[in-house]
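There are two complexes below, and they share chain A, which is joined by chain B in the first and by chain C in the second.
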Partner chain A sequence: MIKEGTFGPAEAIVLLALSSLSRGFLSYPRSLVEIAGPAAWMTPLGGLAVALVGVYLISLVFKRNPGYTIIETTEQAFGPFIGTALNVLIVVSAFEMVGALFLREFSEAMLTTTLRFAPISIIDFSFLTMGLLGAYLGIEALARTARLIYLYVLAGLLITVLSLIPFWNFYNLLPLLGKGVSRDFLHGTYATAGIAEVILAAVIVQAMGGVKNFARIGYISMLISFGILIVLLVTLVLTYNWPISEEFTLPFLRLYRTIYLGRFFQRPEAVFILIWSVVGALKISLMLYGAAVSLARSLKLPEYRPLIWPLGLVMYIIGLLPLDMPAAVNLDVYLRGFVLIPDYLLPLLILAAYWLKGRGKCAGS
Partner chain B sequence: MRAARLCALFLTALSVLLLTGCFGSRETDETAYVLAIGFDKGEKDNMVVTVSIANPKVIAGTAGGAGGTKEVGSNVLVLSVETYGPLTGLEQLNTVTSRHLSLLHTKAYIFSEELAKEGLADWFSTMSRYYELRATSFIFVCRGKAKDFLEKNQPPLELSPTKQYELIGSLSRAHGLYKNTMFMNFYQDVKSWSIEPSLPLVAIHEGGLETAKPGVKKGGGYEPGRYFAGEVPVSGANKAQIMGTAVFRGSKMAGTISGEETRYYLMLRGEFENGFFNFVDPIIHEPALIGFAVRQARSPKYATHINEDGTTTIDVDIYLEADLSAMLKDINYESPELKPVIEEAFSTYIRHGCQNLIKRTQEEFKTDVFGFGFHLKRHFWTVQTWHDFNWLERYPEAQVNVTVHTRVRRTGLMLKTSPSKED
Partner chain C sequence: MSTLKHLLKLISYQENTDREGFILEETANDRQTAQKSGPSSESQAAPEHGDNKEKAPAGRRSFKKPVRPSGKANDKTKKRKDSGRSGEENPDQESGQANGIKQAEELSVSASLAENREIVGKLYGLPENKDIIVRDIAIGTDPVIEGFAIFIDGLVDKSVQDLLFQALMLFAARPVPPGKGKLASYVKERLLPGNQVSVRTQFRDILDAVNYGDTALFLEGCAEAVLVETKGWEHRGVDRPTVEQVVRGPQEAFSETLRANTALIRKLIKNENLTTEFLQVGARNRVHVAVMYLRDLANPALVAEVKRRINSIKTDHIIDSGVLEEFIQDNPYNLNPTVMATERPDRVAAGIFNGRVAIIVDGSPFVLLVPVTMYEMLHTGEELYSRWQLGTFIRYLRALAFNLSFLLPGLYLSVVLFHHEMIPTELLLAIAGNRERVPFPSIVEVLLMEISFELIREAGLRIPGVIGSTIGIVGALILGQAAVQANIVSPILVILVAVTGLAGFAIPYYSLAFALRIYRFFYISLGAALGFFGIAIGLFTQIILTANLKSFGVPYLAPIGPRTVTGADIVTRLPVFFHKKRPDYLNPQDIKRQPDVSRGWIGHKTGGKDD
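Moving on to the complex of A and B:
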């Protein structure tokens, strides 16, 4: 039995929300502006609805199988062979891939902005070291860290948004439907619904206080993270019109560099890089932890910690595979589609398997 | 466990020796900060890049001579190079400086009129990509050569030229004779389908009072802003002037408007803050003037209509508040009966100014620098339909009606004007 530690719903909500929010610090908002133009802020609405449905589906899965995580439930639904294969190929891979690309994009962002002459392997390794340490200390330590830092992160975001008000042009939000309803809501939903935190919540469900808290934690954390993403997108488009916003490599860094409240308050991006690094380290730790715990549960190992090192190495190597930054960003687009499988398809398959088994039992009786 | 702790302590202590600095670190005393950068058209190569570098010895006051004299020489060092582009220019300039040139503190980018007429989009795209550029830097168009401007600009009141450029920004709010423009504003406007960009004009004023134009009593004009940068008849220490606006069509400069027209331009955009205006006394009709200190009371109201034939009508209501500041004749304009007379006269005067400027932008420049497109955009649901409407091409045919509402709120330290004995 893996000892994960426990934490309360508040810590769980903050942990999942911060982890999900971290994508807003990379080039992700740019891709949403590219999809919907001035209506970029609408794209997370569909993703939010799908994420809430995903949390609901997983909560239905857990109702039939309380006391377990999604890993054991998958095995029970599909049998040890197919279940383990699904867990390793879908869940563990999703955490590994998300973590690896995040590691790479974060390192590239650091190289682009501050540490321009450092080798990427060194930056990658530094972030990975933080991730390894976080994953080693465990989910309880990560959750309590998230609880400690969330006020600083939110305050930093709030100050950014308020400081940019002098630069806002409300006409930048027009035309209201942006590049069209299908792009805003269909493309937008596809681009925003694939977040690793939905499946992560299903993996750490027992540490969050069990199945009874799952749905509430999931709903609130999704509402917070998508809500903040919407606020960031509105701020971005209000400050820079959409043809410019979709050019930015790191839109949020641009926003920070734009802050200019007179001669005495400008250049606050040093604060941003601090927040950025903390949230990035948290995300990488969580992905590594999710991968290690999922693999340990799949292989029925009593301890996940020995798996952190090899999985960390795999994450490091995958992160270095994309040839350049644009390649890493493009891979991220494909990865979003892949994450939809563990988030939404897997619970649906589990429910379908339970339903078929129930029908079989009824037919047998 | 004890051994592990000792090992961790040893590694931590070792890291102090190893982590002495990051890759590519550069100390401030290894860096030369470019405060302003100018671009002119080159004779043999593509362009002439001129940089104005902060001279730390003078700014820090350590170049003092005997007797405690602190300021010796110029507080900036100006260097020029003929080159292909801005970044290659910086590399080449680095061959004559002992320190690495950095744009991290560059406050002003100055383009010559000649270069601006050829188009600035390529250079802005390059600069926007460069990690050292800040989108809050100020951009100017120089009448004449940017190189001359940077060489001759010696702000007598400021130790640091950076402060000069930052103060220029706030000063435009005091008179509205130029529009302060940041890099981010210009770059956005270049790529927008709703507005065309504009930049403030700077120039070196060669000469003194002799450049004055005839005044109202000599058959000339009476507007304080009827000049362009480089023409204002000021005699004194600094030769650098800022007045008027360069208007663009796309990224190419299409023409210039004077300081006075810039005020109307700002009013039509709702960005005019303060300024002193003269206008002809409505009762006397002689070259006798009334002076108003004017501010924009609130943002203009825009009503836009797209007619059935595809033409557009735009109604703009401008709201101004004024303080009666100067009057050459003893007429009691403070009285409730006469106050509406000067309010109406001033409204008519401003309306004519705005309409004439709009006409110029439609017929001469063919460019919507006012951003009427922003208000028209609300008639469209999607980006594609707005793009297909092609507003910037339709602007010259648009019908724009301006109404000005003026209220004299205060009359200074006098509430009544009594007639003089001669009257």
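Moving on to the complex of A and C:
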């Protein structure tokens, strides 16, 4: 039996919200502006709705198997062979891929921001080391860390938004529907639904206090993370109009650089590196932890920690594969589609399997 | 080879045996371990020991075999049941102990006075051992009873002993009751006026008492010894605190005497539920350790855990509570202390009132308090004794000092080396102007100053008497000024290091301040190597390692990480009438400290007027 530790709903909400939010620090907001133009802030609305449905679907799955995680549930639904294959090919690989790309993108962001002459491998390795430590210490330590840092992250974001008010131009939000309703809500939903950490919540459900809290934690964390993303997108579009925002590699670095609070307080972006890096390390730790725990559960191992180093090494290698930052960002676009499979398709398949087995009533009740 | 083994052990995977969650109770594993190390531990102390035995040559095994005293071979089955002396049950220690100790475990008092005298002589190494006094006496009963008293010169109170001998030799003129077997009880009940008198049959008990300042009385024809409490050694009195000083509040500190320390606590806690349990630690030294708690308040699982950890210690001796602290703390490899050591009785009393357990080691003026969180290490009594606004202000100032004490030099290096854009132009020019004449890179400059500061601090502590503090301040001033004039460091750095040092001194708990001093050098290295990214690496590592700590089952960063009921006394110190509950994370038996309306007088609307 894997010892995961336990933590309360407050820690769980903060942990999932910070994990979902971390993508906002990278080039992700730029791609949303590219999709919807001035209505970029509307794109997360569809994603939020899908994420809430995803949480609901998984909570239905857990009603049938209250004492288990999504890994065991998949096995029960599809049998040991197909279930294990699905777990490894979908869940574990999703964590690995997302972790690897975050490793690369955060490292690239760090190079762009401050350490221009440092080799990417060193920065990558530094992030990996933090990830290994976080994953080794476990989800309880990660949740407590999230609980300790979230106030600083929120305060940093709030200060950013408030400091940029003098630069806001509300005409930048026009036309209100941007590049069209279909782009705002169809493309936007596809692009944003993947940032939700539904599958992570489904893997650590027992550490979060079990099934009874799952839906509540899931809903609140999704509302918080999508809400903050909307506020950040509004700030971006209000400060710079959308054609300019489309050109920023790291939109929020640009926003931080814009802050000017008098002659003595200007260019504070270096301070935000602290927030970025810590959130990035938390995200990578979570992905590594998720991959290791999912694999250990799939393979019925009593402990997940021996898997951390090999999985971390794989993550490091995959992270170094993209040629440069644009290649990594492009890969991320494809990956967002892939992540929809474990987040939403897998629970649907499980429910379908139960239904086919004649247990649909119980699962849906 | 052993270093290599340690290194390999450090990097190789080991199963996580941390206890799960917010639980003070023992886990099944711990219970099994406790059972193993219990009464039957002698037979299978440790598997590795058995392995060693197999490898050891036969000659060595026979060398380790304990030698029994002549004529007492049959007494070997008499085992001491006191689990507090588990140290003697460890085969490792058996091999390393003197035969005398081994003998004392197995010997009981004989009815023959001559034999008792011989045994005592052997055990204490008489007559070479000069401060062990054996005084022959004849009790003035009818008929006269021969006997001898044994005590240690310097540990006993001579006036008490004079009374003892007077009572036995001059005022005991009464007939002896029939049945010599009950002689010791008769002497205890009828002849001795001492306030603590007991009868013992085992030499181990007798030696323990004599070593602790008591006098043992052996009588002819009696297979028991009478122990009289005559403790009275030279000791330091109750003094003012030297480490934890406050402006307002009690000005008493613990001393090196165990009973005086327990009395200081009992003086503050006038409650019959205050319980003092005595344990003994150390196979050779057998130091007394007192465990104090409120029986109706402290979590029984916590008390059991404290006693279990202390009882399980297998070592030769313990000199100070600092040594015991290392034996019992949850994470000895982490820099942060997880046990509080304080010299203030009021602090211990406040802790006990909250449901904590105090551990007092004989000979140590610092009392341990468990469990403890990091936030409590940043508290002093002064915040509570002063007005709440002042207390809150001090707390926030201390929070700033906490961060500055380990971050400031690292942040300076990051800004100077990597993030110039953050510095306003005027300040940047001033820093550059000052650094123009300094030949060293910034990191060398910072390290020079930091190491000099640490040297001054350490030297100031070690230099005897009043010179110490003088040389600390003067040395720092002269060294800083001279270093600037010699163009070794820039003036801004002197200010920076001084502020960092002051921030470090503002941390009230010495062990925590020390940990932060060490952390500072990590941040200097990280800041110089990777700028703010390096600082972020350090922060993440420090936060997650600290968040993972526990102190006797209580998360170290509670009630913030994890979130529990926060109470009114974490950073902001609310007025005392809001302190309605005890800390939730301690799981006390009674969480409520005072009712919702603790100021009864505000309920009387007619206050000040006649009805």
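The rule we apply is simple: the second predicted complex is superposed on the first by the 357 of 365 C-alpha atoms of A that agree within 3 Å, B and C clash if a C-alpha of one lies under 4 Å from a C-alpha of the other, contacts with A are read in each partner's own complex, and residues count from 1 in each chain.
Keep in mind that, in the parts below, a residue touches a chain if its C-beta (ideal position, glycine included) is under 8 Å from a C-beta of that chain, and two chains touch if they have at least 3 such contacts.
Being a predicted model, the structure only gives us computed values, none of them experimental.
A.B. asks: Figure out whether A:Ser93 sits in contact with chain B (first) or chain C (second), or with both, or with neither.
C.D. replies: neither
A.B. asks: Quick check for you: in the superposed arrangement, does A:Leu115 touch first (chain B), second (chain C), both or neither?
C.D. replies: both
A.B. asks: Between chain B and chain C, point out the one touching more chain A residues.
C.D. replies: C
A.B. asks: Which of the two partners, first being chain B and second being chain C, lies in contact with A:Gln76: first, second, both, or neither?
C.D. replies: Neither partner.
A.B. asks: Once the structures are superposed on A, label A:Arg147 by its partner contacts, choosing first (chain B), second (chain C), both or neither.
C.D. replies: second
A.B. asks: With the two complexes superposed on chain A, say which partner A:Arg263 touches: chain B (first), chain C (second), both, or neither.
C.D. replies: Once the two structures are laid over each other on A, A:Arg263 reaches both partners.
A.B. asks: For A:Ile273, is the partner it touches chain B (first), chain C (second), both, or none of the two (neither)?
C.D. replies: Touch status of A:Ile273: second partner only.
A.B. asks: Looking at the overlay, does A:Ser126 come into contact with chain B only (first), chain C only (second), both, or neither?
C.D. replies: Touch partner of A:Ser126: chain C, not chain B.
A.B. asks: Of the two partner chains, chain B (first) and chain C (second), which one does A:Asn213 touch, if any: first, second, both, or neither?
C.D. replies: In the superposition, A:Asn213 contacts neither chain B nor chain C.
A.B. asks: Taking the two structures together, which residues of chain A meet both chain B and chain C?
C.D. replies: On chain A, the overlap between the chain B and chain C contacts is residues 115, 118, 263, 266-267.
A.B. asks: With touch defined as at the start, can you tell me which chain A residues reach chain C in the complex?
C.D. replies: 3, 5-8, 10-11, 110, 114-115, 118, 123, 126, 129-130, 133-134, 137-138, 140-145, 147-149, 263-264, 266-271, 273-274, 276-278, 281-282, 285, 303, 305-306
A.B. asks: Can you tell me which positions in chain B touch chain A when the two form their complex?
C.D. replies: 22-24, 128, 131, 134-136, 163, 166, 182, 184, 187-188, 191-192, 194, 371, 374-375, 377-378, 380-386
A.B. asks: Contact residues on chain A for chain B in the complex?
C.D. replies: 37-38, 112-113, 115-119, 122, 167, 169, 171, 174-180, 240-244, 247, 254, 257-258, 260, 263, 266-267
A.B. asks: Per the contact definition, I'd like the list of chain C residues that touch chain A in the complex.
C.D. replies: Interface residues on chain C, with respect to chain A: 13, 15-16, 18, 20-21, 414-415, 418-419, 421-422, 424, 530-533, 535-537, 539-541, 543-545, 547-548, 555, 557, 560-563.
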